[in-house]
Amino acid sequence: MKPTAELLQDILAEVAPLIGQGKVANYIPALAQVPSTKLGIAVYTNQGEVFKAGDADEAFSIQSISKALSLTLAMRLYEQEDIWTRVGKEPSGQAFNSLIQLEMEQGIPRNPFINAGAIVVADLLNCRLSAPRQYLLEFVRQLSGDTHIVYDKVVAASEMMHGDRNAAIAYLMRSFGNFNSEVIPVLENYFTACALKMSCVDLAKTFSYLANKGISVRTGKRVVSVTQSKQLNALLATCGLYDGAGEFAYRVGMPGKSGVGGGIIAVVPGDMTIAVWSPELDASGNSLAGTRALELLSERIGRSIF
Amino acid sequence: MKPTAELLQDILAEVAPLIGQGKVANYIPALAQVPSTKLGIAVYTNQGEVFKAGDADEAFSIQSISKALSLTLAMRLYEQEDIWTRVGKEPSGQAFNSLIQLEMEQGIPRNPFINAGAIVVADLLNCRLSAPRQYLLEFVRQLSGDTHIVYDKVVAASEMMHGDRNAAIAYLMRSFGNFNSEVIPVLENYFTACALKMSCVDLAKTFSYLANKGISVRTGKRVVSVTQSKQLNALLATCGLYDGAGEFAYRVGMPGKSGVGGGIIAVVPGDMTIAVWSPELDASGNSLAGTRALELLSERIGRSIF
Amino acid sequence: MKPTAELLQDILAEVAPLIGQGKVANYIPALAQVPSTKLGIAVYTNQGEVFKAGDADEAFSIQSISKALSLTLAMRLYEQEDIWTRVGKEPSGQAFNSLIQLEMEQGIPRNPFINAGAIVVADLLNCRLSAPRQYLLEFVRQLSGDTHIVYDKVVAASEMMHGDRNAAIAYLMRSFGNFNSEVIPVLENYFTACALKMSCVDLAKTFSYLANKGISVRTGKRVVSVTQSKQLNALLATCGLYDGAGEFAYRVGMPGKSGVGGGIIAVVPGDMTIAVWSPELDASGNSLAGTRALELLSERIGRSIF
Amino acid sequence: MKPTAELLQDILAEVAPLIGQGKVANYIPALAQVPSTKLGIAVYTNQGEVFKAGDADEAFSIQSISKALSLTLAMRLYEQEDIWTRVGKEPSGQAFNSLIQLEMEQGIPRNPFINAGAIVVADLLNCRLSAPRQYLLEFVRQLSGDTHIVYDKVVAASEMMHGDRNAAIAYLMRSFGNFNSEVIPVLENYFTACALKMSCVDLAKTFSYLANKGISVRTGKRVVSVTQSKQLNALLATCGLYDGAGEFAYRVGMPGKSGVGGGIIAVVPGDMTIAVWSPELDASGNSLAGTRALELLSERIGRSIF
């Protein structure tokens, strides 16, 4: 069965009652103020069709979804071994910001989607790009076709003010020799990337290269190689949902990446990308209603990688 | 491209030079004595074709591959919640036999494929089946069509003699209220299941239900529901390769389950099952040449879930 | 200032109001039933005088205080290196029954007073004595002069029924090669030793060798060498109070050993031994009113090792 | 038996052969260059006598011994609860610079002598003193009577350059709300304090208040109260020797504090202070020959707290 706007509408109606059972991220005020009733979904097919429902055109803070974009950029700029000697490819098996594992594993983060790993990726980008923030902004504007995408500077500044734990992570990695830049500027880049504001439609279009063997459906240009596209999907499938990757695979069955802003991007390789948004999170930090919406969509259209 | 016997032969020739770079499991004598030069592969398609090369018909100790079979049986016998309240669905992020995580998470194992989780599954089977070992044996004989499959009693006894750590795991879970039987008999069942001797051809046929939406290709009978089949594949993809699940997804891109005997079973949903065997293991405890053979096969036939 | 019965009476009156602020150990019914209002103290000087107040003559379950007796026996039976290669001498820095540290440190317990260490000591005694329980019983009867001391079989049996965690500890150590006997019989000995019933007066007399350079004040016989006596006091001072050794040293300033039955034995080397009993425990598992009574006594008589 | 210069000489001769079996700290060049053959000892009695041997008058980097001085200052400036709500009093049971425990215990360091705890103390001093470094310098000059004591600026700068792990510790504590100043200036104060250069004679005199109920033997002035003096000795006895406190108590039987520069200060309450120096360290980071010298001295003069 094909996705349609009606199907998406039905799904949103079905998951709406979940609102109230999760918890909006509140570690910074700017995120805590987002209305918990926001709910949107967008599908972008490999044929270039857009289907959407709810608040699919409203921009929100993509937060950790940006980690998949930063890794894509790093894979374009570096040889494989330059990346994977500094960060692993394995699920973390722990809360997404734990220092314990990082210390036990000698400063090598488990994967590029936990904070420590994303900070290593930010360090990589910082060493090779003269203006990493501008570069990332142009990248998403081009892939999505939305020239109005911006960083939310209030969010970025607020994250930085609450960023002591991430500073601890960066310094710990530097003590193990796995960090090459000054800590503070890299953290600023990292928090700024997390503060990208994008809509579900923006996100679904931006990530279309992961559903289309590395080529952006919208621009027709190659973003990553076929192999890199598979590799990125593999990393998303095993590590993309914090400490809930197994549950997400079990229920949804798609590679995906979530953010504490309540967004999730999911990929059906060869078929489509899907973006959902609902700010309330479950215990693992993933959008509660968003995950359920993806689960229903997977069932209804009969698509999953398994 | 389709798999053929020639392709499989070529792949074995290509990976053979890796032999010597891994390490045969030696924690029990019976496994340590297996010649490291053994090398086999078998493909079983959803059309019922068998392709094979090398030592594909020689039986070996399937070890942890049995955990996927035991979980399949448990999913047939129990409601979902009876299983998933006692064992998680998340990658472990630690060495496959660590007690640390088990203690920190109050006796609930991370997933059914680490030792602790498989021992919980053995406890579940023990509580519902009058003769769990006989039941499992008949299950694999029927699915594979090979009535000569047996348990290797020397291996089972040897494992039991070196089973103190698994006894510690079981007692620890019992102290948290997550173990309902006597420890020793359950461990005997657990070790006996691991001591199943099967060939690559046996394994590929046995697991065909995971590639065929829950229906055994060989018998035409339903083993698990469509949804359960997807769930099992999801669990294999995120948790099936010990501490190397991420790397395996990145390189091979198929749900899989490995054993320290050097076997790996992999699934291309909708298409085929593949079994490889090469006793030498990599640092994560997965067959070194076997993983590489699956990686090459995935490339050559252009099949992966990503 | 010298201890007197009046002083002890005053101290008990002063600490009595603390009763109600702690928590009686309730992991086994037999301990949970002890009235929380019990309160006793006894001092035994190196001149052989006994001073006492409150329930000083009532026998209670000495629990972990027995670990100091078992270690004393082991030090009499074994060379130093036979003991200290199998168990450490360092504070554990963790909850007293944690398996985490034991796994990280390869099955070598931190010290002989955490459960793991005491189980190693029980294994040592089991390997050298034909009847360890009878031997220990005669040892305390002789040192205290109280021939009515017995094991509480109900307590011992109850502990054994709740002993899964200790079984896990023993099996884990055996998996590391640090356990030489059958697990179950050693655990029975261990739990039986913990189930010794002794009064404050019994305990103060029994441990007098630690205050008197290794010679029992009551019998005049040497129990351990001068050096061993110092070593035992050093171990009590750094490791004797579970996870509260530092706090106890800070407030009381005496080597000591506590049990979850609410007893504490303390030593003023060269001077006296003191035993207190009050069943309610603080967060570290040490007698709440008992610790305070020792702190007051230390202040009033101006005795401490610091 | 009384200490004499001859006795000290004999002891140094006896421990000298140990030189070569330990390892000079080499994490910063300035420490690595200290000749491993340096060996000195000084005793300062409560009667004001000085006995010394070897390199007892040569100044060396006192490193972590400074943590006992900083804590003394903090105890003079703050109420008890202001200190002990922010740092514990328990042995750490782990390597002295581990972040794992700090994270598990919510940013509250185990005790004031591990790095994390000493950094909290530095934060406390920074919040109350306008010039903490000058204040500490005057404190030791006055207590020792040696006006030539200085900070080694090369050492301090070198520590700061290798201080990433300590920065990680400070940021982690700040993320838990247990750090009130800017991180970098406090670390500079902390490393500067560690870079104090003092001789064995200086150290023995400086710490005389711990042997003399809080009053400096040299100046006759009260440094801390009688109770605080006992408390400081208790903390030294249980936490002063990194991960070797239990072993030190077992062998030497005195409260003490060591530094990676190879110095150790030890206290016999009511009697004397002793300082030793030998740069080679044992596996726990304590002076190898220095510990043995203290052990021999304790045996020969028959003094220990046990």
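In this document, chain identifiers A, B, C and D correspond to the written order of the chains, with residue numbering beginning at 1 in each.
Here, a contact is a pair of C-beta atoms (placed from the backbone, for glycine too) under 8 Å apart; a residue touches a chain by one contact, two chains touch by 3 or more.
Predicted model only: the values in this text are computed from it and were never measured.
Between chain A and chain C, how many steps is the shortest route if every step has to go to a touching chain?
When the steps are counted carefully, the minimum from chain A to chain C is 2.
Over half of interface residue numbers shared between chain C and chain D means same, under half means different, so which is it?
Mostly the same residues form this interface, as more than half of the numbers used are common to both chains.
Using CA atom averages as chain centres, what separation in Å is found between chain A and chain D?
The answer is 48 Å.
Nearest whole angstrom, what separates the Cα centre of chain A from the Cα centre of chain B?
32
Between chain B and chain D, tell me the centre distance in angstrom, where each centre is the average of that chain's C-alpha atoms.
It comes to 55 Å between the two C-alpha centres.
For chain A, what residues touch not just one other chain but two or more?
Within chain A, no residue touches at least two other chains.
Please list, in label order, each pair of chains that touches.
Applying the touch rule to all chain pairs gives A-B, A-D, B-C, C-D.
Over in the complex, which chain C residues touch chain D? Could you list them?
88-94, 101, 110-111, 229-231, 233-235, 237-239, 243-247, 249-250, 253, 255, 269, 304-306
Could you pull out which chain D residues touch chain A in their complex?
That would be residues 98-100, 103-104, 164-165, 167-172, 174-175, 183 of chain D.
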